[in-house]
Amino acid sequence: MTVVDEVRETLDRIRRDVCSLHAELVRYNLVVWTAGNVSARVPGRDLMVIKPSGVSYDDLTPENMVVCDLYGRVIEGAHAPSSDTEAQAYVYRHLDHIGGVVHTHSPYAVAWAARGVPIPVVTTMCADEFGGDIPVGPFATIGDDSIGRGIVDTLADSRSPAVLMQNHGVFTVGPTARAAVKAAVMCEDVARSVHLSYQLGQPLSIPLASVDALYDRYQNVYGQR
Amino acid sequence: MTVVDEVRETLDRIRRDVCSLHAELVRYNLVVWTAGNVSARVPGRDLMVIKPSGVSYDDLTPENMVVCDLYGRVIEGAHAPSSDTEAQAYVYRHLDHIGGVVHTHSPYAVAWAARGVPIPVVTTMCADEFGGDIPVGPFATIGDDSIGRGIVDTLADSRSPAVLMQNHGVFTVGPTARAAVKAAVMCEDVARSVHLSYQLGQPLSIPLASVDALYDRYQNVYGQR
Amino acid sequence: MTVVDEVRETLDRIRRDVCSLHAELVRYNLVVWTAGNVSARVPGRDLMVIKPSGVSYDDLTPENMVVCDLYGRVIEGAHAPSSDTEAQAYVYRHLDHIGGVVHTHSPYAVAWAARGVPIPVVTTMCADEFGGDIPVGPFATIGDDSIGRGIVDTLADSRSPAVLMQNHGVFTVGPTARAAVKAAVMCEDVARSVHLSYQLGQPLSIPLASVDALYDRYQNVYGQR
Amino acid sequence: MTVVDEVRETLDRIRRDVCSLHAELVRYNLVVWTAGNVSARVPGRDLMVIKPSGVSYDDLTPENMVVCDLYGRVIEGAHAPSSDTEAQAYVYRHLDHIGGVVHTHSPYAVAWAARGVPIPVVTTMCADEFGGDIPVGPFATIGDDSIGRGIVDTLADSRSPAVLMQNHGVFTVGPTARAAVKAAVMCEDVARSVHLSYQLGQPLSIPLASVDALYDRYQNVYGQR
């Protein structure tokens, strides 16, 4: 197999993965209409694959996914890429270990983001997946680097793979696009449970040492090795 | 193709569109039983196509959609049209650029409407789609022009394609029926997120200049050109 | 066709109707597991058809529906009938115009029922379908006439086809089983919207004359004639 | 049929049951991603069958269920068992009459658990299924006996088949895995209704004698005999 064939095969696989992962955003009610997207880095290349802008989830195919460079310029694809491409490209450019990024406006997370309040770690699921509070990034307008920079700066101070961007929505990251999707699913679930808990009083805090123990175990023991 | 054939073809296409768009109201849980509807203007004719009254979404077909004039009188169709026909006809009669109207009783929007409180623009999604607060129209009883007039008058003071009619529900408009359906979906999503946010405190406001920038970008850059 | 054949045919049709209407309770999330049921009167006979007790909605068939007399005694059927049979039989025995009864523990309606507070008529949907507040019946233990009596007595003071039984759930009635199912769907929708509205303030009231006008129109003009 | 054949057949049946019961957790939105599981005791053997760790519900098959002894050691299966295996094994070891255990992080139950507040018995459904308040067990970290011990100790003081583990989630038990799944479904439904009821005021209490009467009837009369 030539190098060109290998690149082709890799790109095709990632197009399929990115396309199909959007079904999880729909399944867990993290998105409505076209308001959310998944992207993945192309390993070993300065490229990413992302959803086309404003296209319905029903109409997504591996073929209409868009390949961009890490400045958000279209390299391959007949469609305009997601309007979040620049923000996600910034993340890939600055964080080498990140292989996938997800953006949603999931409702409970947006409720926290609109108040600019981090989600406190009061459930074991939050400790497991996020290793502490889910932090809030700055208010940033679309169209330049400010969203991407806000995500990267906020992630730097946290173990959380999720950032609530103020007044906006959620960005999650992971070593793979699938991991970033999982973080988006867990973020909304935690945002909801903790929201509900505060509605009738004050949740009990989890000791910091227990948060650490839960996080370490979940990252290192949970799942199949 | 004769003129008559062309009109037939246009009407058939719009019957199919209006019929199938109701599936989006069901998918996003904006309606229960038969309580919500979509209509579309027939381009270049003083006609509209609308859901029949009280018929289940499961039983809708292109054939049982009702063609009315812009005073709500049935022109073609074996069924009585939606009881919201007069209100929607009023909108088409007074707003030439409107090609579609949607009505729902979606629960979070109704919660704001029942208090008569506009939904404040505290999320970027609201700025993107509605360009400001989602306004409230007057309490108006069904059966004369007062709902239609309330919608048109309220839209005149706003960039929002959605109006919350007091104690009642949502009417959305758009250049096409599909755009009006999208506005109905986004309206409920915004109504819910902002409702949830207020439950635990005070959302942060978005500067007016940012609302304008978000709205302009979303209307002019988002999606496929 | 002999009289016996006719009765057979009627019973079979009602078995099919009652069976299939349970799918609407599931579709609108009014029930979990086996906690809710539909019954219908057999026209012209002192008989009713009802769900078997504790059988999953997936496993319902026209054949396992149970035919009872109006004292809840099994006339035809291999299964024990719903534990709500006595209450529903009481309704049929005392209200000749009622052809269907539905019982659910739908969550928002139960929230009002647990506080013993009627749902105030602050939305047009509530005025349309219920003609006023949705009333609360007494706390009544299962196993004798007290639930049935509570339903009948509460309905006597109201135009509402729904009663919230205190600390328990909803019973709805209608001229047909389908109408009773519709009332159950609308009751939960209204219970939810009004609940949400009160969470952030005080809904505006609807003038009594408008409630009457809405109710009259919806009962007499809405739908197909 | 040899003894070996019989054991094989029993194990295969339980693998199928445990596998398929996970669909109920998904159907009732009690779980997201891989965060919840069902197990069953193998009758007459010191063995249990449980979900593999971190495997998606879509990918569960009877074959990838894991057979463990009652100390959580894998006896048969190519996968690592659920990280909750030790806790559930503890339950089987200490409570001979328990045939099934379920664990979820269902959102309304977690909201109560995070505050450490039992769910008060203010609905007949709660009296029927749980025979009183749904109790809260201690905060316990995963990885030793403390979750299992917390469940068993808390169950000892209650008729409830459900325990809310503080800051964590729900564990339910039953004579069969199906009964434990039912308890998990009912627990979330009760957690939600009672949560909603408290949001707008104070639910009315149910007299203790009525709780007892409801519980006795539901346990002994409801369903098919």
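Letters A, B, C and D mark the chains as written, and numbering starts fresh at 1 in each.
Rule of thumb we're sticking to: a contact is a pair of C-beta atoms (placed from the backbone, for glycine too) under 8 Å apart; a residue touches a chain by one contact, two chains touch by 3 or more.
By chain, with names taken from UniProt: A, B, C, D = L-ribulose-5-phosphate 4-epimerase.
Because the structure is predicted, anything quoted here is derived from the model rather than measured.
Asks: Quick check on the contact network: minimum steps from subunit A to subunit D?
Replies: Tracing touching chains, the least step count from subunit A to subunit D comes to 1.
Asks: Name the chain whose C-alpha centroid is farthest from the C-alpha centroid of subunit C.
Replies: A
Asks: Does the subunit B and subunit C pair touch with the same residues on each side or with different residues, judged by whether over half of the numbers are shared?
Replies: Different: fewer than half of the residue numbers at the subunit B-subunit C interface appear in both copies.
Asks: I'd like to verify one number: the distance from the centre of subunit B to the centre of subunit D, where each centre is the average of its C-alpha atoms, in whole angstrom.
Replies: 45
Asks: Round to the nearest whole Å and give the separation of the Cα centres of subunit A and subunit B.
Replies: Distance between chain centres, rounded to whole Å: 32 Å.
Asks: Counting only residues that touch at least 2 other chains, which ones in subunit B make the list?
Replies: 199
Asks: Using the touch rule from the top of the page, what pairs of chains touch, sorted by label?
Replies: Applying the touch criterion to every chain pair yields A-B, A-D, B-C, C-D.
Asks: Would you pull the subunit A residues touching subunit B in the complex into a rising list?
Replies: Per the touch definition, subunit A meets subunit B at residues 32-35, 52-55, 79-80, 83, 105, 107-108, 110-117, 139, 141-143, 166-169, 195, 198-199.
Asks: Can you name the residues of subunit D that touch subunit C in the complex?
Replies: Those in contact with subunit C are residues 28, 122-125, 182, 185-186, 189, 192-194, 196-197, 199-204, 206, 210, 213-214, 217, 221-225.
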